[in-house]
Structure formats: C-alpha cells, structure tokens
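The following blocks contain the structures, represented as structure tokens.
Two complexes, one shared chain (subunit A), two partners (subunit B, subunit C).
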Partner chain A sequence: MNDVLYMAWRYVRYHWGKTVVLLASISLILFLPVGLHVVVQQGAEMLTGRAKSTPVLIGPKGSAVDLTMSALYFRHPNPESLPYREVTRVTQTGLAIGIPLHLRYTAGGQRIVGTTLDYFEFRRLNVERGRLMAMLGECVLGAKAARALQADLGAHVLSSPAGAFDVAGSFPLKMPVVGVLEPYGTADDEAVFVDLKTAWVIEGLTHGHMDVTKPEAESGVLAREEGNVVANASVLSYTEITSQNIDSFHFHGDPDTFPVDAVLAVPKDRKSGILLRGRYEEGDTSVQMLVPLRVINELVETMFSVRDYIVMAGVGVGVATFATAALVFMLSIRLRRREIETIRKIGGTRRRLVGILAGEIVLVVAAAISIAAALTFIVSRFGDEMVRVVAG
Partner chain B sequence: MNKKHPAVLVTVMTLALAGCPSEKKDEAPKPAGTGAGRSVVYVSNYPLKYFAERVALPLVEVRFVAGAADDPAYWKPKAEDVSAMQQADLIVLNGASYEQWLNNVSLPQSKLVDTSAGFHDKWIPLEETITHSHGLEGKHEHSGIAFTTWLDMTLAIEQARAVKDALAARWPEHKAQFTNQFEKLEKDLKTLDEHIAAVTSKAPDRPVIFSHPVYQYFQRRYDVNGKSVHWEPDEMPDEAMWSEFLEQLKQHSAKWMIWEGKPLQSIVDKLQALGVNSAVVDPCGNVPDDGDFLGIMSQNIVSLRRVYQ
Partner chain C sequence: MADIVIEVKNLAFGYRVGGFCLSVRALRIGPGEKMAVTGPSGSGKTTLLNLLAGIFVPSAGQIRVLDIEVSSLSAEDRQDFRALRMGLVFQEFELLEYLDVLDNVLLPCRVSPALHFHGEVRARAAELLHDIGLGDKLHRYPGSLSQGERQRVAVCRALVTKPAIIFGDEPTGNLDSSNRDHVMEILFRYSADTKAPLIVVTHDKELIGRFDRAVDVRELAA
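And then the complex of A and B:
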C-alpha cells in the first residue's frame, strides 16, 4: 500500500503546477459554501444574541433597521432624534426603565455613547480597571476602544466635531479616562462611554463659562440690562471640565427637549413589556417602538436567503469544477498511456495501476479538504480582525 | 419592516464578521450588581434622612453624605462620594432644584427618587432670574425654583409618602412595615401642620421679614405676610443692606425678623434699636446639633408663638 501511495505522491509532486491548480480550485469550492455558512451562522447568533437582550427600543420615525443598528451596534444614528422627555415618559409609565443613547459624536474614530449608568447594569458591564464615570466630563472606555485610542486610566480622550463643517456647533471636549471595561466581544468593547449630560456638553447644549454677572467678567460684557447680561465672544466656553469650573456648567434650555438618538426600554417583566408596546402602538405617531429581535430576525432571514443563493451557485460551480477535475484526470490518463504501459510491462498489475491513479485523486482531494477546513477555522476565529485589516 | 437596501445587507454581513466574538466567547458577562451587604439608601438633606429613618429603620441603612457641607443644598460631591452613591439601592432626592450638584454627577436614573416630583405643579419659581447671551447663541436664562419644600408640612407629608412608596417598591416584602411606620410619621407631621397653622392664623396680616429667601413654601401654606432680605445670621450686614432694609420697612412695617439660625447679638441689638425683634425658625436642612426634625419644628412653633402672640 505504501508503495502505491509513494508512487501517487511522487506523481502529484512532480506535476506540482497541475496539483496546485487542482488544490486551489477544489479547496476554494469546498471552502466557500462551508465558510460562508459558518460566518453567517456566527453572525446570526451574534446579532440575535444582542437583540434578544434588548427587549424594546424606541426611536424617531424612520428606518427600523437603521435604528436597531445604531442602538445595538453604535452605528451612525439617523439625523432625526428624540427629545429627552421620551426617556422620562418611558420611566414614568412604571412599566419599564428608559435608558437613553446619544450617538452623534466620536473620539479618535470610536463612537462616543452618551447614556446613564443604568446601561452598565442592563448590559452587565464591569470595569476591569478604574471605576465608572462619576463626574461630568469623565469617560469610560471599552476594551478595544482603549487599545485603539492607546489610552488608559489617567489619560485624556478628545471628542471630534460632528462633521467637517461643524466648526462652531460643537467643540472638542477633553475627557479624562476613569475606567476601562472588561472585554465582552460586543459593540460595547469599541465604545467611549460618557454620561448623557457630558454628550450634551460636547453638543454645546450644556456649557460652562466665567460667571458674567460677576465683576471679574467685565471685560467680556457688552451690556448689562435689566435682568440680562450681554457678553461678547471672548467669554469662551471651557473645553475641559475640572473641579474648578464644573459648577459653572449649565443647561441652555430645557433638558427635556435635548436630543437622544434612541431609548432602550427595559420592562420590569414580560407583561409590562406587552403593556408598554400596546401604549405606543395605540398612541404617539412621532416615535416608533420596535422589538429588535424581530428586526434582526428579518435581517437574518435575508442573510440566510443570500447565503442560500450563494451556496446554490457554489454547488453549481462545484459540480462544474469536479467535472473539470474528472476530465483533467481522464485526459491525463490518456497522456500517460506510455507511462502506464511501462508500469504494466515491468510487472504492475491493473489493481496497482488503479491504486496509483486513485491515490493521486485521494491525495489531492484530502489536501483540498484540509485547506478548506483550515480556511474555515481561520475565518471563524479571526474573521473580525480580517475585516478590520481589509477595511483599514 | 422597511425595504432592505443592499448597503444595509453589506453592513449586516460586515457586522456578522466583525462581531464574531473572539474574546471570552464562552464566558457569561459578570453582573454589575450593587454587591452584597446591608440595603443602603442615600438622602440629600436632613428632612429626607429623618423621613427615611422613620419609615425604613431598622430594615435599611440611611446615609447622608451631603450633611458634611454647612448647607446640603450647596454640597459639592467628590468622585468618591458619587461612586459610593452609585452602589446604593436608592438615592432619595428633594427635587425642586434642591440638588444643584446633580447636574455634575453620574448616578443611575433607575435609583433616583425625586420626592417632590409628585407636586411639580406646586413648585414656586424664584422671582430673581438672570439671563445672558454671548457668542452666536441667543439669550438664555438661569432661573430657579424655591426648594425648601418641607417647610410646608403638607408637602413634607407628600415627600415622606414618596419615600415610603419608593421603599415599598424596592422591598415589597416589607411594604406593611414601611406603611405602618409612615402612618405614624404622617400623624406627627399633620400635628405640626395644624399647630403652625393655628399659630400663624392668629394674625395673618402681621408683617414679618425673613432674613433669607428660603421660606416661600412656609409663607404660602401658612399665609404669612412676609418679605425677604438676603442676610446671614453670622455676618453683620453692610450699610447698603441696612439702607435697603430701612426702605423695605417703610413699605412693610414688620416688628419681627425670622432667621434661619441664631443671629449675632450685634445684629439683634441693631434690629432691636429699629423696633424689630428676632426669632429663629430653623428650616432644618442639615442635622441639628440637638434633637431631631420634630424637635426643631416644635421649637419653631414656640418661636412663632412669640411672633404671633
């Protein structure tokens, strides 16, 4: 048996060019449907896992998919937002706790998530180092965000403007890092968490400056009228919140009208969740309430449909590939007529000849299966890193 | 569901790849609970501490860290204080803009109990409002709400009830005990309310001067004919303040000034020379040196009897 395999091995090795082409085509045709299945399955599990743990989501009217993606995975939110009073409204029903999400800004490419401490309780997030934010202006980093920003406890993170032309609307806020979360393998790892009020500071809705009613601010005051002080632009807003200036920070307007991008509603129990959904379905039309799992399930179904089409196409290509491979083998037997004749003349039986040719096929197919399995493993294990490298 | 755009599918596929957990895949997330140990409730002023203790002891530990400040309304918490409060089971607030520090800290909203939210429509806006404008922004105002709500005993009862309701919602197994203890407190506060009303109703038109603008709810509930200045009991007013006071006396001929705390003897003497007597009605925002909330309010009634005799 060993001599048969040895002869087959020597053949595939000698004709390495043909072997490589066969290996590449067979392994790819095996890998594509299997790898795709693994990736889609993992992705579906991940997507539904996070959606399952998010019972109800409230957001502005618009695309349910966009709202779900931004609230669950911190993708860029819709331009429309909700007033903060929607958060209070949820909580005041007594049926659920409303957790706001403000997602408009980034820091070094990492999404700044403005929320309340209830979010950490809800997602069961613990700090690995440091503590949760306690004072206005502080931030807590997800595990991957800390690596990406190369920031740890005591470092500072600078918020980015909302867009290239947002030179006056919001200003960069320098935020001290007070905690780094444990890694969870979710979107939380990549976020920069701040208190919702800090997000409003970044947006310019809350700010701090010198007290213009005091004599020290006289140089920045244009006019003092009855009950009103008009100051010039030299009264600058603070770009870092410190213990010295924190008391000067104040809201511009009614916080109930300030924006949030989504509200996670955490019902007390299943019945409360149903009652809450009923209230929104019957009443307000300016907001939408959705169950993320339903949205994600529809997306996953679409993903599975796409996968099935690709697999079907792959099967067709596979059949063609195997037919081509069979043809290559058959043609090679014709081309090797003299070689086969020589083996027969020196005493090789028909059985041995068939063994050698079959051995060549088995070696190539076995190697192709191994390569396909290795590729599948790599994709399942390092898929996210690969995407990151490809995406730059 | 809306029509799915191809870009969304690409995003989903990318997420599907990018989201494949590569770290701690098999480990369940650890809970971020408040930790084991005794149930803890934080309060933001002394009346709430008194109410919470009357309703919840000995089942719950009541902590009052803002008491370290002279006036808890102007307490400036440190990060360590806030981190400790984050671990509490409940954080009981006075509301009505009392906790100015609340805007500067991060606390779990689900644990906050605003005891005056239930009578939002009864809040008293402060008359003094400063507006300012600068840069490209429009005019905006810094207004406030009077916050010494508990000096109206009917509102104090509502606040105590809010404390009881929050405790009962958090620990429903002890609801009966909380309710029982609250009913005793409610009775005491009602008695105080009746006594104060009985005293002030003897001469409802009698003018008085308040040394500090903290008696708005007291004034409204007990129909007190009062005007306020902005003096400190331990600080002699300057000449401008005395002049302003004399002007006010011409319009509002009060024979009594009601103080938050015992004033300097020199101030008492100078007022006496002007025919104005001094009486202390302690709002009791912080822990008293002697006695408790009921004791201080009873002393206040004694002072008021002198004013309204």
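And then the complex of A and C:
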C-alpha cells in the first residue's frame, strides 16, 4: 500500500502543473456550493437574529430594506429623516418606548450612532471598560471600533464631516472616550455611540460659543436688538465640549423638529406592539412602521433563491469538470501505455498498476476535499464577518 | 545450479493479427551462458525473448526455466516469477520520467508484491549506481541524463533484484560504441560473477563476437 501511494505521490508531484489545475478545479467545484450554503445560512441566521430582537421600526417613507439595514446594521441612512417628535409620539402612546437613532456621521470610518441610554438596555450592551456616556460630547466605543480607531479610555475621537460639500459647517467635534463595550459579534461592535444631543452638536443644530454678553466677545458683536445678538464669525465656536464650556451649548430651533433617522419602538408586550402597528397603519403617511423580521425574511428568501440558482449552475459545472477530469485521466492512461507495459514486463501486477492509477485519483481528490474543507472552515469561521461587510 | 537453466521444446507461437508464427524445435541455455539472438527485423527475436521471459504464452510446446514449466503458471505467478528471477533491459530504456534515478532502479520492488522494498535493497541500488559511475546522480530525473546514463540506470534496475537470468532486447541499440561497451561490460560481468545466463537480442555484428554463441532465430525452427 505504501509503495502504491508512494508511486502515485511521485507522479502527481512530478506533474504538478496538471495536479494544481485538477486540484483547483475540483476543490472549487466542491467548495462553491458548500461554502455558499454555509455563508448564506450564517448570513440568514445573523440577519434574522438581529431582526428578531428588534420588534418594530419606524422611519421615513422609502425602501423598507434600506431602513432596516441602516437601523440594524448602521448603514448609511436614507437622505430623508424623521423629526424627533416621532420618538416622543411613540413613547407617549404608552404602548412602547421609542429609541432614536441618528446615523448621519462617522468618526474615522466608524458610524457615529446618536441614541439614548435606552438603546444599551434594549440591546443588553455592557461596557467592558469605563462607563456609558453621561455628559454631552462623550462617546462610548464598540469593541471593534476601539481597535479600528486605536482609541481607549481617555483618548479622543474626532467626528468626520458629513461630506466634502458640508458647507453648513459642521465642525469636527472632539469627543472623549468614556467607555468601551464588550464584543458582541454584531454591528454594535463597530459603532461610536454618542448621546442624540451630541449627534445634533456634530450636525451643527446645537452649538456652544463665546458668551457674547461678555466684554471679550464685544469685538464680534454686530448688533443687539430686542434680546437678540447678531455676531460675526470671529466669535469662537467650541469644537470640544468641556465642563467649562458645556453651559454655553444651546439649541437653535425647536428640538422636536430635529432629525433622527429611525426610531426603534420597543413595545411593552405583544398586544401593545399590535396596537402600535395598528395606529401607524391607519395614520400618518409620511412615516413607515415595519417589522424588521418580515423585511429580513423576504431578503433571506431572495438570498436562498440566488443560492439555489448558483448551486444548480455549480452542479452543472461540476458534472462538466468531473467529465473533463475523467477524460484527462483516460487520455493520460493512453499516453502512459508504454509505462504500463514496462511495469508489467518487469513483474508489476495488474492489481498494483490499478492501485497506482487509482492512488493518483485518490490523492488528488483527497487533497481537493481537504482544500474545500479548509476553505469551508475559513468561510464558516469568518462568514459572519463577510456577511456584515457585504451588508455594509 | 542445474546444467540447463532454460529449455525449450517444440515451441509454437502465433499472433492473432498479422499471421506471424514462431517455432522453436529445441533450445537449451546453460548457467552463465552468454547468448546473442540474431536475425533480420520481423524474424521473431523479441517474440522469442518475450516467450522465454513468460510475457507471452506459447500456443504449443514447453518452456522450462529453472526447472519450472513457465507456460503452465497462472498470469500472476508468471509476473511474480519474472520479478523474482529475471532482469530485463530494453532498447528504449523505459525509465519512468517522474521517478528519480534511485527510484527507477527500485521500481521492481515497488510494483511487484513478490519483492519487498527495504533498506537493504535501497543500499544495493545505491551501490550499483555508484559502481557504474552514477553515484552522484541518484536524485536526478531521467530527462536530465544522457542516453548512456539512462541505459546504465536501466541495467541497474534489471540487476537490483539479483536475477537468475538476464534478458536484453537490443540494449545497446541506441548507444554509441563507448556507452555500448560500458553497458555490455556491466552485463557480462554480472553474468560471469553470478552464473546467470545472458540472452541478448542484437543486430550489432561487432558485439555478437563477444557472446559464447549466437543463434539466428530463423534457424531454431529446423
């Protein structure tokens, strides 16, 4: 047996080019349907898992999938937003708690999630180090975000402008890191959490600046009339919120009209959830209420359909590949006729010859199965990650 | 050792296609005898060799080799008998391109269940290769060797099992005179040392004179 395998090994090693091509094609044909099945299965589990834990979602009218993906996975939100009063409205029904999500800004590529402390309770998120944000301007990092930003307790994170054409002048806000969350293997790991009001500060809706009633700001004051003060740009706006300047931060406008991108509605019980959905279905047409699980189930069904088509195509390609491999093998036996005759002449038995030729097939197929298994293992190990990257 | 190593009586053989027939009334080959088989192309020299080696089975007559009636053995027993008792050298060397020199020499031990591969055989193979001047090329592949070197490797493959009989089918047909002499010297020396008969098909008139006798295959039928 050892001699047979040794001879087979020497053959496949010497003809490494042919072996590599066979290995690559067979292992890919084996891996593609299995790997795809694993990825889709894991993706479906991950998507539905997070959707299951999010009973009701409210957002502006538009694509239900976009709203779900942005609220669950912190993808870039729709341009349309909701006024903050929708959060109050949900809570005031007494049927659910409304948790706002503001998702328009990033810090070093990580999404800044403006929300309230209810979000941490709802998702059962705990800090590994430090504490949750307590003061305007503070931030808490997800485990992966902390690594990506190379920031820990005591460090500062700088918000990025919304875009190159952000002429409204949302200044980058320097935010102290007060906590780092435990890793959860969800989108929360990659987020920079701030209080909703801090998100509004980043957006420029809330701001702080030098006290224009003080003499040192006098040079920037253009006019004073009926309690209003008009100042020029020399009046210094704060880009970091500290205990010294926090009192100077104030709203311009009615906070009820300030934007949020989605509202997670957490019903008190199942009946409350049904009643809440009923109210929204009858009422306002400028907002949509949806059940994320239904949206995700539709998405997952589409994923399964696509997977099935790919697997069917893969089976066809697989049959063609194996037929080609069989043809290559048969042709190689014809080309090796003299070698086979020589082995017979010097005393090699038919059984050994068949063993050597079969050994070559076994080695290639076994190696291809091992490669396919290794690839499947890698995919199963990092499948969640891949789906999250693809999901945005 | 018996006086007669190979004895052929009233042998007849015909190919199914082509109509060629070979017949041998009687042929005896003794220990250590060096016999050249001659004759024009297509006269049946290689066929005779294949019959004596048990590769072909005669349609009639007897072939006794080392007191064993070879034609009465089963196909597998003939394979084993050949592996254990005979060494074969071919005109085209017939080395396996994917095995290095050492593994080519050890090939019979790997493909025949009658032989066993072990350290002693490996040492003998290496020693044989050293003796014929290929000691520094044990792990080279046949493709990188000259014609003469390849035939010397093929000779080592035939001798590694310490055969009782050596057959050569025009073993020097593709070699220049210097390599021819080298290869034949190795075969003659082995035959002389071990008393193994050496039966070689050849067209080379210069070479024929060095054998104990030369047999024209056409005359064997008489």
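The criterion applied here is as follows: the second predicted complex is superposed on the first by the 373 of 392 C-alpha atoms of A that agree within 3 Å, B and C clash if a C-alpha of one lies under 4 Å from a C-alpha of the other, contacts with A are read in each partner's own complex, and residues count from 1 in each chain.
Keep in mind that, in the parts below, contacts are C-beta pairs under 8 Å (C-beta built on N, C-alpha and C of every residue); 3 or more make two chains touch, one makes a residue touch a chain.
It should be emphasised that the depicted structure is a prediction, and the values quoted were computed from it without experimental measurement.
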item: Fit-or-clash call for subunit B and subunit C when the two complexes are aligned on subunit A; value: fit
item: Touched partner set for A:Thr186, first subunit B, second subunit C, both or neither; value: first
item: Touching partner for A:Thr91 - first (subunit B), second (subunit C), both, neither; value: first
item: Partner chain(s) touched by A:Ile346 [first = subunit B, second = subunit C, both, neither]; value: second
item: Partner chain(s) touched by A:Asp195 [first = subunit B, second = subunit C, both, neither]; value: first
item: Superposed arrangement, angle subtended at the Cα centre of subunit A by subunit B and subunit C, nearest 10 degrees; value: 160
item: Partner chain(s) touched by A:Leu32 [first = subunit B, second = subunit C, both, neither]; value: neither
item: First (subunit B), second (subunit C), both or neither touched by A:Arg381; value: first
item: If touched residues of subunit A are counted for subunit B and for subunit C, the larger one; value: B
item: Partner chain in contact with A:Val306 - subunit B first, subunit C second, else both or neither; value: first
item: Shortest CA-CA distance in Å separating subunit B from subunit C in the superposed model; value: 43
item: Contacts on subunit A seen with subunit B and repeated with subunit C across the two complexes; value: none
item: Footprint of subunit A on subunit B - complex, ascending; value: 1-2, 4, 8-9, 11-25, 29-33, 76, 79-80, 82-83, 86, 100, 103-110, 129-137, 139-140, 142
item: Contact footprint of subunit A on subunit C as seen in their complex; value: 53, 55, 76, 79-80, 82-84, 86, 88, 90, 92, 94, 96-99, 103, 107-115, 117, 141, 157
item: Residue ranges of subunit A touching subunit B (in the complex, touch as defined); value: 39-40, 42-44, 46-47, 63-66, 69, 73, 75, 87, 91, 97-99, 116-118, 120-121, 123-126, 131-136, 138, 143, 168, 178, 182-187, 189, 195, 197, 206, 209, 212-213, 220, 227-233, 235, 246-247, 249-253, 294-295, 298-299, 302-303, 306, 380-388, 391
item: Subunit C-facing residues of subunit A, complex; value: 3, 6-7, 10-11, 13-15, 338-339, 342-349, 351-353, 356
